Structure formats: structure tokens, C-alpha cells
Amino acid sequence: MDESMTTLILTLLPLYPLVSFLLLISLATRLSWTVAASISVGAMVLSALSSMLVINQLSVDTPIITSQLWTWFTLSPSEEINISFYLDALSAVMIGVVTGVGLLIHIFAAAYMKEDENFTRFMAYMNLFIVAMLLLVLADNLVLLYLGWEGVGLCSFLLIGFWYQEKANVLAARKAFIVTRVGDTAMAIGLFMLFKETGLLTIADINQSANISWNVGDTQPYWIALLLLGGAVGKSAQLPLQTWLPDAMAGPTPVSALIHAATMVTAGVYLIARMHGVFLLAPEVMGYVAWVGALTLLLAGGAALVQTDIKRVLAYSTMSQIGYMMLSLGAGAFSAGVFHLMTHAFFKALLFLTAGAIILALHHQQNLYKMGGLLKRLPFEASLFTIGLVCLMALPGSSGFFSKEAIIGQLWSSETAGPTLWWCAIAGALLTSIYSCRLFFLAFLGSSRFSVPLQSSSSKLLQLSLLVLAILSVFGGLLANLLDINLAPVFAKAAIIDTSTQPDWLHTVAIATPFIGIVYAWIYYANYRVSNHKTLVESHSVLTRFCQQGLGFDCLYHYLLVKPYCLLAKFNRRDIFDQLIMLNAWYVTLCHDIFVSSQHGKLRWYAAAIGLVTLLFLLILNIDGFGSEASL
Amino acid sequence: MTITLVMCFIFVSACIAWFAEGIKENSGRYVALLSMIAISIYLVFALLLSESSVDYSQLQILTRLPWIAHFNIEYALALDYLSIILVFLTLLLAVICILVSWHEIKTKVGFYYFNLLASITGIIGVFTAIDMFLFFFFWEVMLLPMTALIAIWGHENRHFAAIKFFIFTQVSSLLMLVAIIVMSVLHFQQTGRVSFFYQDWLALDVPFKTAYYLMLGFFIAFAVKLPSVPVHSWLPDAHTQAPTAGSVLLAGVLLKTGAYGLIRFVLQLFPDASSNFAPYAAVLGVVSILYGAKMAFAQQDFKRLVAYSSISHMGFVMLALFSFNTIAYQGAILTLVAHGLSSAALFSLAGMIYKRIHSRHLPDMGGFWQHAPRMGGFALAFAAAAFGLPGLANFVAEFLSLVGTYQVYPIHTMLAALGLIGSAIYGMVLFQNSFQGSFPSTKIASFKDLSIREFFVCSLLLSLLIVIGFYPDLILNLFNHSHIAWLTDDVAGAGL
Amino acid sequence: MSVIPLEHILILASILFVIGFVGVIVRKNTLYILMSLEVMLNAVGVAFIGAGSVWQQADGQVMFILILTLAAAEVAVGLALLLQMQTRFKSLDIDLLSKLKG
Amino acid sequence: MNVLSPLQWMFYLAALLAIVASLKVITGKNSVHSLLYLVVSLLAVAVCFYLMGAPFAAGLEVIVYAGAILVLFVFAIMMFGLGKDETLNAPKITSFRVWIGPSVIAALLLAQLVYVIDSPDIQDKLTSNVINAKQVGALLYGPYLLAVEIASFLLLAGLIAGYHFAKPTGYHDNNNSGGW
């Protein structure tokens, strides 16, 4: 296909879901399920197809495809911010994931949300989310990226708070939006600083000109990278701003699959990968990125060990997997991180959707301690779920294995990461395998701890999408090479980490850890998998409750930020400045009252007053002459 | 000549609306509506025809007639890009006001429309007057009908709010009057001829000390009107007690007269004094942003919350204007338009909610989205505009202001960026408390969705917000900002 | 010239005036107030006549005559009002007339 | 100044009597008694006028002031029972002591008057600075003509007001609320 054709396809790519969003919103109530589902899924099919076409066009000789719509606004004569798309290998991977996984999730959601009365509104939000994500990924300048960034934040707010009748969902949606907004503000300040230092906001120019205008270790790239990291941390639910992700499970399951597994949470990783030009110039910040990833990895792994709700386990596991990606970016292994992002999108979406199918079958029962013995009852969902778990644990042969090995392999000898971070990664892998096995035993083995009759989902659409996703997650690793997406040219500037000097036992340990985890879980969680009695008591020790609440970050922020702000607001509800001004109004009325009280109508007092005043008057007149012989 | 024609036409139609009401019930509003639409179309064509030949980056004097010959006070009107933008905003919001108060006003309807149109005439006068005395005259003319609007058709303690509004503005404009008189005397001393003409004053070289105090005199008057923190407390009261159209007009346009005054009569008239005063004004701007956001979060009353959010938005304008940066200046002008539209939208929404449940108290609202999906959608869009969601006009405005201000005051901008989080918080509180959560069926019987008229108002405002959000050059290329004299162009391109 | 020095006459006048003034302030009964008023008027008369006699001018006495007419008119109206007060309030206590207050 | 001529003695005595009478006026319990003291005080002042060389004024004082105005007072009190509430609850002292006060002061005044009239040296001292009625009359109808006219208007106004306020509808039956 010739040049103009591909740019046209690229331009239209985000517009299909936008058109379907507008259609669904305007005709919300009058559309039947079939029409609404076909519009939304159809739009997704179109954009998936066009993204496939466009990715094929990418090749060695045309590494970048751009298309320009119109000039948004001009910052300075030299720098024009315009609505234009920029496709290279990195964003190709991203749009592949977004549209591919997005399509499958749309199909699943069409079946899953069939009975919900405002189904059209749900599909409209899903489409709007895809548009925002595509804008984020395809943006050629940081302001358009920020537009996609905030749009994604708004859609996640809408989708988390989809069932807004319950107060809990409303608060969860608000928390998600405000916490991500904190990250966005940090990123915005980063943009301002970037513009002040370089006068540029277009990503490609920044990456090229970065090492010309600054050299490694300058203060400007340090602060800009740090602020961009703040934005990424907010959106990808990493350490300081990760409290919103577990609560975001209040939304419907397809939402969790699409937003909180496959696409939105990876936006932070994409931002760092995209702005690697700046990050490379600030090695300390790369170190921070690695450490943030490692710490989140461990924290989320620990929390996932003790969760009772199946979706919260998966949420914490997403958080830890993204920790892996951050770790790899921090270590400088950009392409490995992005590769893990892709494979993770597939198997995590699979895990969430199958969990959704299981929840639907158990009549919205999400508590693991109320499940059990599902392997026999729901064989189809159970088998797919196990495939997902296998990839999650990165057992050899699964797609997770390829991507996680790529990351762990490069940690040891990268100068920004190092052996300590390698050991954190290994510990994380261990934790992942333990909580995956625990999840598996609780949900699928042991005796069934539920009384309600199983209503297995018979809809073909649902099962089809799950099957395709399962295939994708198994062969994801190969898919990358199949499309020979070579991310190398994108990250040309990043130094290749030579793994030759590494000790050779690293590889064996990395492969062995998942199995060690499985054996340990097999022994430790014996009573989960073989228990014959009906109820299983979950341990309520202080440590478990502490981990359950995300290692205390929630109440830390609550008492550190939320409560003081509310108290300050309540304390100053009636505006200090207003009261200051009302103060002198009160003072004037006070004087008025004093004087008024002297006019009480008694004539004799008035006469006395007149006498007094004349006396006073005479005194004043004669004040000087009083002594001397004033001639009367 | 056009502007005088516009003003006379509006005032005449105001009187007609008043008398028409006497003759036939409910005819006042039709007269008002038709006249406003007719005059807006006329103005558009008048400007389009003359557009090509005239460059509106400079002040184009329209009319100059001697008014009080003895002091050579002239009836002088002039137009430039700033006045055009703000006059069109006024006309648009006038139409919105009339549509919004269609069924709301039951008592003394004719007089209501008279007041509405009279204050609009005053506002247009303020934006176009170039003779300082005439400017002060219109400044007072616009104030009286507005006070009447609040005092007669307001809500429960409207008298208090109206009096507070009147005293605040009146006292501050007295300072301005003093400054105007001193300037004219200075002009007399230097050129032997008393003059109130803006151009003559520009040519005057005022000693720094007096210029500083004169600038302060003007600044305080406009800081009260553009509510910056220490003197803002009239706005929440005026807004909560004003009728819907009153709040729309108040928030949409009256605040802009403050900003217009700042640009025209503080920054351009006393450039060196204001650049000397700029750091303090920047601090004031930041304080209003953060304080407005915090106070908005604390409010229980829908309109009061939106009023405090206006204070926060206007803090951005103050900060952007006093950073003397081209980009920030563009951002400030865009904020004027964007805030005008978004706060007008939020207030009309408040009016619609008040019409249905007769209360503005947030705790006893909730779950309206179930019963009024379309209104919920619009409310979400307008709340999103309030907290600067990209894609809507406010984001571009805030982004430009903050990018521009960052070049000059980095720390202030970082603090102002906290205002973005604050705006997100109160935007959430506003939207979720009223439209999400459970519907208080005990208190509220039914909640109808938008009527056609309301739908038209909301969609008009939303489409404008989106168009300006995605294509701000509609406003910005009215003036090529390259040669605005008083703006320093130290756009960093340090690296490249 | 006049035998009696002016100071003494004026002292007499002021004493009488003060006595009248005290009477007006202290007494609650309106009748006494009217009487004290008479005393005060009389004191003024003394002052005028005194001055007239000291400087041998007849103006003092003319002024005294005017004061007389004033006193007459004042008493007439005063007593009539007193009458009204009697019928309205059934008592002559001046403090009852305190409607005109702030 | 220390040795007083008889005229000055007389003046001071009269002044003293006037002051005592006035004091008795304002401290009186019974309105009629204080009214009588007021009459006595006016008479004392009249004597002072006479001693000051203003016989016309003294005459006027006795005739117009004490004679007319205070008689009107007494009339008002007696006829319309203005002092009723006070006389009712004031102690009934009809005994001798009641009018000993005024009579003593009146007697003194009488003695003083008689002495002044027929003691030759006071008379000739007086005649040197008497401003007789003719001078007053000439002045009255000279420059002060307008003042006299106004005074007559004042009297007319007083008359009408007096009539209007004291209209008979009010005082007969006490129960109606005063007519207007």
C-alpha cells in the first residue's frame, strides 16, 4: 500500500471507536442489545484490523509512520502543538495490545454485561477508553499524550463507578481518579519544565535533542525524568500511588481486565519507554525507577498472598508484574520491559476474564473461601485459568517465561540495577508462584464450599474470546518474533547490557524459583487443596490483616492527607476572610446599638444631656481663661 | 458607530421588554430573546465586513463625541481583540441567561428583563469605553441592575447578598475614581489640558512613586471584581442568592470586567509599576487558586461550590497576567472565555436542579443520573471542564497559562499546579454528590430529564467548550501576539 | 450709674436659672416642670433687666416684655397639653411620654 | 464694697427671698403650695426689678407674670384637677403650718417694699438711674416694632393652640380616648 493510504488508515484508527462512542451516547436508550453490541464490537474490529494493517507496513525502510490532523495551538513560533499521530515499533506493540486485547475484551463484555440495563452506556465508555488509550499511545507530542492520559483517567473513573448506586463504588472511582490525578499533576509540571528547558514538546525532537542540550547527570534531565516518573507511578499504580488499584476492582470484571490489567496501567511503562531519551541522561532516576519497581513487586506479592477476593489477588499480581516492567526499564532493558508488557497483557486479561466467568457462574461470589472444587464443576474456565496461572508463574515454555527471563537475565549486570535488584526479582518470582498456587488450590481443588447451583455460561461469544486469549497468552512469546517487531531501533540509544560476565548459575536459579514456589505452596497450603470439611477459616492474624490492606499504605494516606484536608475544610467552612470583613460589620452594628440605647424617649434625660453638654461647652471655652479675671 | 448602536438597541429593547410585559403576559422574554439574537447577528456581520481592512491588534477608536466639554470628557468607544472577544462572550451569555430564566421568573417579569438587558448594556460599555470617565460611568451602570437582580429575584437572604455585593464593588471602585481623577490632574499639570482619554494617558510619563499608587488604586478595584482572595467573600454570597440568570451573568461576564480592567488599565497603563508589583500579585494569584480550591471542597451548597471554583480559576488569570509572558497572556485570555462558558454552564445546571428539587444543598441530592441520564452526561462534561479535562477549553487555557508562567515563576506554577488536584477533588465532590450515589426517593418525588430548551442551552455551551478545547486558535489568532508591546517574549529555547 | 453691680445681678439670675433647670430635670410631674420653666424664664428676665439697668438702656426691658409674652403663650399651650396628658394617660408623669425613641 | 448701702441691702434680701421661694417651688410636695411659692418668688423678683431701677418692668412682672400667667396656672390646676392625682395622695395638711411659709416670706416682702418706698435716700438714689416707662415705650414702638408684631402673633398662636388642645370633648368623660 502506498504512503498516503497508510497515513489515512492510521488517522482513522482511533476514530472508529470515537464514532461508535458518540453513536451509543446519543441513542443510548433506544438501542437494543444486539445493535449496541454490534456497533461497539464492530468499531473495535475495524480499529484492530487497521492497526494490523498499519503494523505490517512498518518495516526496516519505513520505521516511522506519522499523520497530522490539525494544529491544536501554538506555544511559540518554533513549537506548534498539533493533533498528529506517530507510529514506530514501540507504539506498534502498544496499539497491537490495545486493539487486540481490547477487541477480545469487548466481545467478552458484550456477553458478560448482557443483562445490565444500561449496557449501551457501558460499551460507550469502553469505546471512549479505547479512543483515549489510542490517542495516548499514538500521540506525537506530550500534550496530546497528556490528553490521552487524562481521558484514560476519566474513563477509568466512569467505568470503576459504573454501578454508581452503591456508595463503595462511587468512593473507589473518586479515589482512583484523584490518586492518578496527583501523578498527572507531577507529569504536567514535568512538561512545563521540559518546555522551559528545551522549548520543545514533540517527543521525537526531545529524544533526539536531549543528549545534545544536556549531558549525563545534569540537573534538568534529573528533575524532568523524576517528574515524568511521578506521572508514570500514578497511572501504573506503583509504590507511592498504588492504593487505588485494589479498590478499582469495584468495577465490572471486563473493566478490570481491560483497564487494570492490559492497557491503562501499562501507560506509565509506555511513558518511560517513550521518553527513554531523557531517562538515559539521568542514571539516578533510572535507579529510582528500578527500585520503585522492585519495592512494588515485593509489596504487591506480599499483599496478594493473603487476599480473600479473587479479583484483588489478580489486582495485586498486576501491580507486581508492572513492578517487573518498571524494574526492567530502570535497569535499561527497555525492549525486555515492553515485551513483558505485551505478554502480561494477554495472560492477565485471560486471568481476569476467566475469573469474571467464574464469578458470573457463582452468582457474583468473589470470596475465595466460598469457592473450591471448581476444577470438576467448571472444567472450561478452570483449564483456561490454569493456563493463565502457568504464564503468570513463568513456568518454562509459557510466554511469561520468555519475557520474565529476558528481564531477570539483564538485571545482574546492568549498571543502574544490580545483584540486589536481581535477588528482589527472584524473590518476587517466588512470591508470584506461591500466591498463584494458593489461588489455584483455594478456587479449584478441595471441597466446594458453596451451596448455590452452578450456572455455567453457555454463551458462545464468551467462550470464543476466552479461547482466543488463551491461545494468544500461550504463544505470545513467539508472536513477537513472528511479527519481527524489532524494538532495537527504537531504543537505539540505550546501551546494550552485555550479560557475558554474569555467573552461569544465574540462569538455573531463575528457572528453578517457580518450581521451588510450587513445592512450598503444595506443602504449606495442604489443607486448602485436600480439605474435606465445608468451611475454611481464614487466619485473622494482625500480619494478614495488615497485608490485606495493602501494607498499611491506605490508612497511612488516609490519616496523612485525607483526614487533615477534610478537617481543614470543615474548620474553615465559613471562610476566614469573610468573617474578618463581617467582623467590622458587626463592630459597626455594636456602636450603633450603644448610641441607639441612649435615645429612650425620657424627656428629662434629654434635658439633663443638654445641660451637661452646655456645661462641657462652657468648660472648654473657658479652659484657658478660667483662672484669670475673665471680664464677664 | 456600531457599538453605540448595539448598546442603544439593547437598552431600548430592555424598555420594550418591560412595557411589553405589561401589555401581554410572558411577552417580555420573547422580546428580550429576539432582540439579543438580532443584535448579535448584526454585530457579527458589522465586524466581518470591516474585519479585513482593520487590524484589531491595536485599539481602533470607533466614536469620539464631546460629552462634558468643560473637562473635555468625551463619549469615546474603541474596539480591539480583547473587547471583541469579551463583547461576544457577553452577548452569548445574555442569550443563555434569557433562555435559562424562561420559566424561573414569575414575579415582575418585565422589570427583570429590563434589569438583565440594562446590565448587559453596562457591561458592553465597560468593555468598549476608552474614555476613563465613561469607563467609570459604565462600571457603575453595570453594577446597579445586577444588584437589583440579586436583591429582588434572589433566594432566601438575597438582601444581605445584594448589599454586600454592592458595598464591595462600590468601595473598591471609589479607589479607582480617585486614581482616575489624579491621573487627569497629572495630565493637566503636564500638558495644561485635563483629559480622560486613554491614549493621552498612555503617552503620559508618570513619576514612579505616584504611578505605583495609582496602579494600586486601579489594581484593588479590579482585584475585588476579579475576586482574588482577600477581597473575594462577596462572590459566594452573591452567587448563592442570585437567580440562575444572575449567577450566569455574574460568573460569566462580571468577573471578566475585572480581568479586562487588569489588562487594559493596570498592565498597559502602568507597565513598570505593575512589573514591580508583579511578584506580590503572583502570590495573590497562587493563594486564590489554592484557597479557592480548598474552600470549594468544603462547601455543602452547589452554587457556593461553583462560586469558589470561579475564584480558583480567576487565580490562574491573575497569575498568568502578572507573569508578563506571551504564552501566559494567551492562556489568561483563553481562561476568561473558557471559565465564562464552563461556570455559566454549571450555574445553569444548578438552576435546573433547583427548579426540580428546590434546594441547592448537596447532601440531600444524589443519584440524579438514573432519572436524568442526559443531564448527568452534561453535568459530567461541565464538571470535567471545571477541573480542566483535556479536550475542553479550560485545559488548553490552564496549560498555556501554566507553561507561560513557569518561564517566569517556577515555584508559583508548581503551587498553582496543586490547584489542579484541588479542582479535581471539588469537581468530583460536585458531580458525585449530586449525580451519583443513591437517589433520595424519600425527599424528592420525581426528577425529570432535560427539556428541549435546557437541552439546547447545555449542548450549545458544551459544543463551544469542545470546539475551543480542540481548536483554540478560533480565539487566539484574533490577535497576532508577536507584537503586543508590553509582553516580554523571553520564551526559553535555551537549549536549542 | 446703677448701684447694684452687674456681677451680683447675673449671679442671682444664674442661681435662679440653675434652680429652675434642676427643677425641670428632677421633678417627674409635668406640672412642676412647667413651674420650673417659669422660674428659668424669670431668671432670664432678671438678667436682661439687670443688664439694661447697668447700662441705662431700655432694650433690657423691651426684651423682658417679649419674654413675658413668650411665657404667657408657653403656659397656655403647656397647660392645654397637660390637659390632654391627663385625659390620655390618667397621670402627669413625664416618663410616660416616651414613645418617640430610637 | 464692704459697707452696703441700704438699697443694696434691700436688693440682696429680695434676691435671697426669691431664691428661697424658688427652692421651695421645686421641692414642694403639693402642686398648689409650690405654685404659691412661685408667686412669692415672682414678687420677690419684681422687687428686685424695682430696686434695679426698672419700675415699669416690676409692674409688668407683678401684673402680667404673677397676676395673669400664674393665675392661669392656678385656674388650670383647680378647674381641670390637673394636680388631682398628687393632691389625692398628698397628706391633707390644712393646719396652720401649711401657709406659715408663704405668709412669712410675703410679710418680709411687704416690709421691704414699704421700707423702700418711704425711705427718702433709697428713693433719691433710685431716681438717678430709673429707666421709666416712656423710654421703654418709645423703644418698644421704635426699632422693636417688628418684634412686638411677632410677639402678638406668638400670643395668637398660643391662644389657638391652647383652645385646640383643651377642646371640651376631652375632659368631660374620662373614658373616651381623647377624641382624635
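Going in written order, the chains are labelled A, B, C and D, and every chain counts its residues from 1.
The working rule: a residue touches a chain if its C-beta (ideal position, glycine included) is under 8 Å from a C-beta of that chain, and two chains touch if they have at least 3 such contacts.
This one's a predicted model, so the numbers in the text were calculated from it and none came from an experiment.
Taking the mean of all protein Cα atoms as the centre, the chain whose own Cα mean lies nearest is B. With every chain reduced to the mean of its CA atoms, the largest distance from chain B is reached by D.
For this pair, chain B with chain C, the centres built from the Cα atoms lie 68 Å apart.
Note: centroid distance chain B to chain D, computed from Cα atoms, is 79 Å. For the pair chain A and chain B, the distance between mean C-alpha positions equals 37 Å. Annotation: 96 Å between the Cα-based centres of chain A and chain C. Residue positions of chain C touching 2 or more other chains, listed in rising order: 26.
If you draw each protein chain as a dot and join the dots that touch, you get a simple line with two loose ends. Chain pairs recorded as touching, per the definition above, are A-B, A-C, C-D. The residues of chain C lying in touch with chain A in their complex are 6-7, 10, 21, 24-26, 28, 94-95, 97-102.
The part of chain A that touches chain B in the complex is made up of residues 25, 28-29, 70-78, 83, 118, 121, 143, 146-147, 149-151, 154, 158, 161, 164-167, 170, 173-174, 177-178, 181-182, 184-185, 188-189, 191-193, 195-200, 209, 212-214, 565, 568-570, 572-573, 575, 577-578, 581. Within the complex formed with chain C, the chain A residues making contact are 595-604, 607-608, 611, 632.
For chain C in complex with chain D, the residues that touch the partner chain are 1-4, 8-9, 12, 15-16, 19-20, 22-23, 26-27, 29, 31-32, 34-36, 38-39, 42, 45-46, 49-50, 52-53, 56-62, 64-66, 68-77, 79-84, 86-88, 90-92.
Across the complex, chain C is touched by residues 5, 7-8, 11-12, 15, 18-19, 22-23, 25-26, 28, 31, 34-35, 38, 41-42, 45, 48-49, 51-54, 56-57, 60-61, 64-65, 68-70, 72-73, 76-77, 80-86, 125, 129, 131, 135-136, 138-140, 144, 147, 151-152, 154-155, 157-159, 161-166, 170-171, 174, 177-178 of chain D.
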